[in-house]
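After this come two complexes, each holding chain A, first together with chain B and then together with chain C.
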Partner chain A sequence: MIRHIKPLAFYMGLVLVLLFFLLPILWMIGTAFTPSGEYISNSLSLLPEHPTMEHFRALWKDGFPERLANTIVVAVGATFLALVFGFLASYALVRFDFPRYLDHSFLLLVLMIKMMPPIVVAIPLFQLLKGIGMLDSSLGLILVYQVYTLPFCIWMLLSFVREVPLSLEEAACLDGTNLPKRLLYIVLPLCAPGLAATFIFTLIMAWNEFLFALLYLSTPSHFTLPLYVSNFITENETYWGQLMGIGLLSSLPMLFMAGYVQRYLLRGFTMQMK
Partner chain B sequence: MLFRSRLQLISLMLPATLLLAVLTLYPISQILINAFSYVDYAGAERQFVGLDNFAELIDDWFFIGAVENTLVFSVMASFVQVGLGLLLAVLFDREFPVKRFALPIVIYPMMLSTLVCSAIWRAWYHYDFGFLNNALVSLGLSPVEWLFDPSLALFSVMLVDVWQWTPMSFLIILAGLQSVPADIKDAALTDGASGWRRFRYITLPLVMPQILLALLLRSIDTFKLFDKVYALTGGGPGNSTSTLSLFIYKQGFKFFNLGLASAGALMMLLIACLLSAVYAWRYVGAKS
Partner chain C sequence: MASVTLQNLRKRFKNQEVLRGIDLQIRDGEFLVLVGPSGCGKSTLLRMIAGLDSTSEGCIKIGERNVSHVTPAQREIAMVFQSYALYPHMTVWDNMAFGLKMAGIPKEEQVLRIQQAVDILQLHPYIHRKPAELSGGQRQRVAIGRAIVRQPEVFLFDEPLSNLDAKLRDQMRVQLMELHQRLGTTMIYVTHDQKEAMTMADRIVVMRQGVIEQMGTPLELYERPANRFVAGFIGSPTMNFVPVKMKHQNNGESVVTLPWSQDIRLGTWSASVNKDERLELGIRPQGVLLDDSSPYRMQVDVTEPLGNMVYVHGRINGVRLVVETQKAPNPGSQVGIHLNDAMCHLFDGEGQCLRQAMEHIHAA
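Here is the complex of A and B:
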């Protein structure tokens, strides 16, 4: 009998923990399918009595597809830009001989930018975007998102590029293969899993970004999904069905990717170099 | 072998360096100038005023409140998340049948947009129909003003952050626990050390580096707090949940007080630099 107490306590703890993390998400999914009259109540049930698609239909007419398209354009654009620039820089940082510790200074600067609160640079960036006529546009947002995405990509790709054996490149060098070809045919394929993981992380980051979208977008038809959510919260306090519909639809891609990036999560979030 | 061609080096580094310089070094130089200037509404004219902006900030009750809230939030949220993360990691540091499915579930909140998290929790905090108050009432307790009670609102925002980001501390500490060699744990077991003593004198010291790492990373991140406050309370009631980020946002984008906003931003930047210097000193070693 005594032998069973410990596993029992363990499983009870486990269930509690999983409930804490899962319950709000389950509630979001349930509410997205619950008719409006039903969720404004004092019930604790997570499942709708009369499931409905009305909220998704309303969202479809309210301009959800447009905002989804904006978000895809901005997130994918910002990710690609950061991945290309970041890959080149991290390759140089791993493989090249820098004069006067410039590589260390560069990495420290990148780290500082990564840790810096983005609001610090928000006002000058507003004037910068205004100056080049990119305020309220997807292109401008792709550009300023590099404040987040580029330092992240450089830092994360660094660890993957470092794992590519130098010997392969040395052999290619002796054969006279030039730098672009080495990058394209040797380093890039060997980094592919790392690039994929970095791509997904960066995509999630850009997909979920809110502050710059809030500050630099003003036309509702240019909004990204997080901004759409924020507007919905303030304008329609208790349209929870539609709100959770947006939440569910905009989270689905991220939740699917969670499984794939799980084993890279630590590399992505801790940015250690040792 | 390291490559030495300067031309190749420059062409590889140039795009990223240029972009980062335009997007961060230029803005920071602007902040540095504006922090010591009076800038008119349109930002067209600037006048050097020395430390006036900083003097005004120190006297500003809203600013001091925002500093206090940010510090309280950052310190408390980080400690709670790391504490819970440690508990969770100890719970998960063993083999059990459903582990493969349990782990992704714990990680889900981290994948959601902060705005989606805030939307869910704002609904849960609703006084009349929110899930939390429904639960309290069904247990026979009285409902709570989660977001409109000045003494509680900051903690309600904190709970959302704890929900979303405890998984990160958990993952960091779990990785540390799993790298503790099994023979050390076995040796303690054969010595007859009790569960608590094994944890206190063997496990805890061995994962201390990961605990500190998680604390540092979470405090750097919580120091930036903006999205959740914006979406949940807007800084209210009163000034009770306003943070530094929100203060700068309001000064810069609502009141167009660029000098004051820049002075606040500069102070924030200095604190962030201090935190990341600690981080760099502790975790970023030599390149090779």
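Here is the complex of A and C:
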């Protein structure tokens, strides 16, 4: 008897935990399809009584696709830039002989930048972007996002690059490769699972970034999605339907991307590094 | 094919000198084995020949070409690593093709060379597999294949058999020797296993603490070790060493006394020895005979039967001895021993050989 109760209690517990995490998401999805009149009434319900697409239609007309495109450009751009330079930096840190303690102090500095509240550098960065004429542009945002993404990429990739045995590179050296070819043909493929993991985390980070977007973008048509979302909370009214609609639409690409990359991630990790 | 010449080669890591002036001439087509305890600098020397480590001083020549400051790829060498260093993301075929591709060798030529290596090493069933799907011995063969296809002037092997189990190691050793006969290419082989050195080498170089202790054919090193270190390193089981005192040295004829008061006549040699000098007598297990009539009794500790012979480990006057014999005495018993004068080496306090054995028994 007790044997049966134990797994039952276990699964009940699991369901509770799952509900705890899923409830806000379900609520978001429900609200996105609920007509405006319905969700401001007092009845509390997850499922809309009269499902509607009105919020999505409104978003579409309001310029959602443009903001989505902005976000994709900025997030993907910032991620790729950080991956390229993070990979090169971590390779250099792992393989090159720097003067004693220089590489450690560099890594510590990078870590400090990562731990620092971003607002600290908001004003200097503003001046910098203004100086090079990149305020209010996607490219400018891609550059300032490196404050978040680059330290993260360097630290993440460091351990993956370290795992690549030196003897493989030496073998490649004897096979007649120079450094760029070695990176391309040997180190990069072997770090692929690490790059995939870092890619997805960095992408999510850049995708959801709000503070710098708020500070450095001023033209509404240049807004990214997190900034666009905030438009629907006004002094007079909070447009819950649109708000949840954006929430749903902006999390879908990340969800698919994570699902797609995850397969690659697992395949990469099962490849023995010997 | 090419000879390799090393002239006053030195290597310093920070303040430590790991190679202290190596002079070595490796002949064209020779199978040379570098052997020595770990940390003696043999691997560093090999890596310097490969170009993976820079030279602090001195000169490396392959053929007539000075390659001291040439990149590894341009030295026309191929190296087999201890860890095999196969590219895990490539198939066996691609592993072998990679170097050829990088060298810009035409596709048809690539296929031809790889096919040839696959034939020699019997790799047919595995060409589409990745290294993770291969056993240790198969990976080893792929690593050798990758070296063969490049048709180098010199092959370098860095302890290539040390990750294999004993049986496979024996097989691979024979395969490597066959390969050397077939290709006739100069091969430089690093190992810490004196058995590999003895069986494979045309010539052995024994190294210690960054210097060459002795070089010569396996038999030369075995029969005429230049010092105590080489004597102890070459041969298995190791040579017995017994502290002795010089009793007298008249007209070149010298007699030493063993700790168990037995006198050994060592014939004539030119060097004169101080009477108080700490001397050591070296004798291989084949030189000690079990002799029941002998008054000098050894306490038997353990016996190691090997089928065709037995190694008897025992003690006499606190000195440990290993004796090779045909019939095993009982552990714990006392046996009489007799040392064959003609098979004794004598070493001085610094370990230099004063007198070499006159007579040898070969395992063959």
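Keep this in mind: the second predicted complex is superposed on the first by the 236 of 274 C-alpha atoms of A that agree within 3 Å, B and C clash if a C-alpha of one lies under 4 Å from a C-alpha of the other, contacts with A are read in each partner's own complex, and residues count from 1 in each chain.
Criterion: contacts are C-beta pairs under 8 Å (C-beta built on N, C-alpha and C of every residue); 3 or more make two chains touch, one makes a residue touch a chain.
Keep in mind it's a predicted model, so treat the numbers as computed, not measured.
A.B. asks: Could you tell me whether chain B and chain C fit or clash when both sit on chain A in the superposition?
C.D. replies: fit
A.B. asks: For A:121, using the defined touch cut-off, is the partner it touches chain B, chain C, both, or neither? Pick first, second, both or neither.
C.D. replies: The first partner, chain B, only.
A.B. asks: In the superposed model, does chain B or chain C contact more residues of chain A?
C.D. replies: B
A.B. asks: Look at A:146 in the shared chain and tell me whether it touches chain B only, chain C only, both, or neither; answer first, second, both or neither.
C.D. replies: So A:146 only meets chain B here.
A.B. asks: Does the superposition put A:26 against chain B (first), chain C (second), both, or neither?
C.D. replies: neither
A.B. asks: Is A:247 in contact with chain B, with chain C, with both, or with neither (first, second, both, neither)?
C.D. replies: first
A.B. asks: Once the structures are superposed on A, label A:170 by its partner contacts, choosing first (chain B), second (chain C), both or neither.
C.D. replies: both
A.B. asks: Determine, under the contact definition given at the top, whether A:97 touches first (chain B), second (chain C), both, or neither.
C.D. replies: It touches chain B, and chain C stays clear.
A.B. asks: For the superposed model, what is the least distance in angstrom between any CA atom of chain B and any CA atom of chain C?
C.D. replies: Between chain B and chain C, the shortest C-alpha distance works out to 8 Å.
A.B. asks: Both chain B and chain C touch chain A; at which residues?
C.D. replies: Residues common to the chain A contacts of chain C and of chain B are 170, 271-274, listed in rising order.
A.B. asks: Touching residues of chain C toward chain A in the complex: what are they?
C.D. replies: 50-52, 71-73, 77-79, 81-83, 85-89, 98-99, 102-103, 130-132, 146, 150
A.B. asks: Considering only the defined contacts, which chain A positions touch chain C in the complex?
C.D. replies: 165, 167-168, 170-177, 181, 185-186, 189-190, 271-274
A.B. asks: If we count contacts the way the header does, which residues on chain A are in touch with chain B in the complex?
C.D. replies: For chain A paired with chain B, touching residues are 10, 13-14, 17-18, 20-22, 24-25, 27-28, 31, 39-44, 84-86, 88-89, 91-92, 95-98, 103-104, 106-128, 143-144, 146-147, 150-151, 154, 166, 170, 179, 204, 207-208, 210-211, 214-215, 225-227, 229-230, 232-233, 238, 240, 243-244, 246-247, 250-251, 254-255, 257-259, 262, 265-266, 269-274.
A.B. asks: Within the complex, which stretch of chain B touches chain A?
C.D. replies: Contacts found on chain B: 1-5, 8-9, 12-13, 15-17, 19-20, 22-24, 26-28, 30-31, 34, 43, 88, 91, 96, 102-109, 111-124, 126, 129, 131, 134-135, 137-138, 163, 167-168, 171-172, 175, 213, 217, 220, 223-224, 226-227, 230-231, 244-245, 248-249, 252-253, 258, 261-262, 265-266, 268-269, 272-273, 275-276, 279-280, 283-285, 287.
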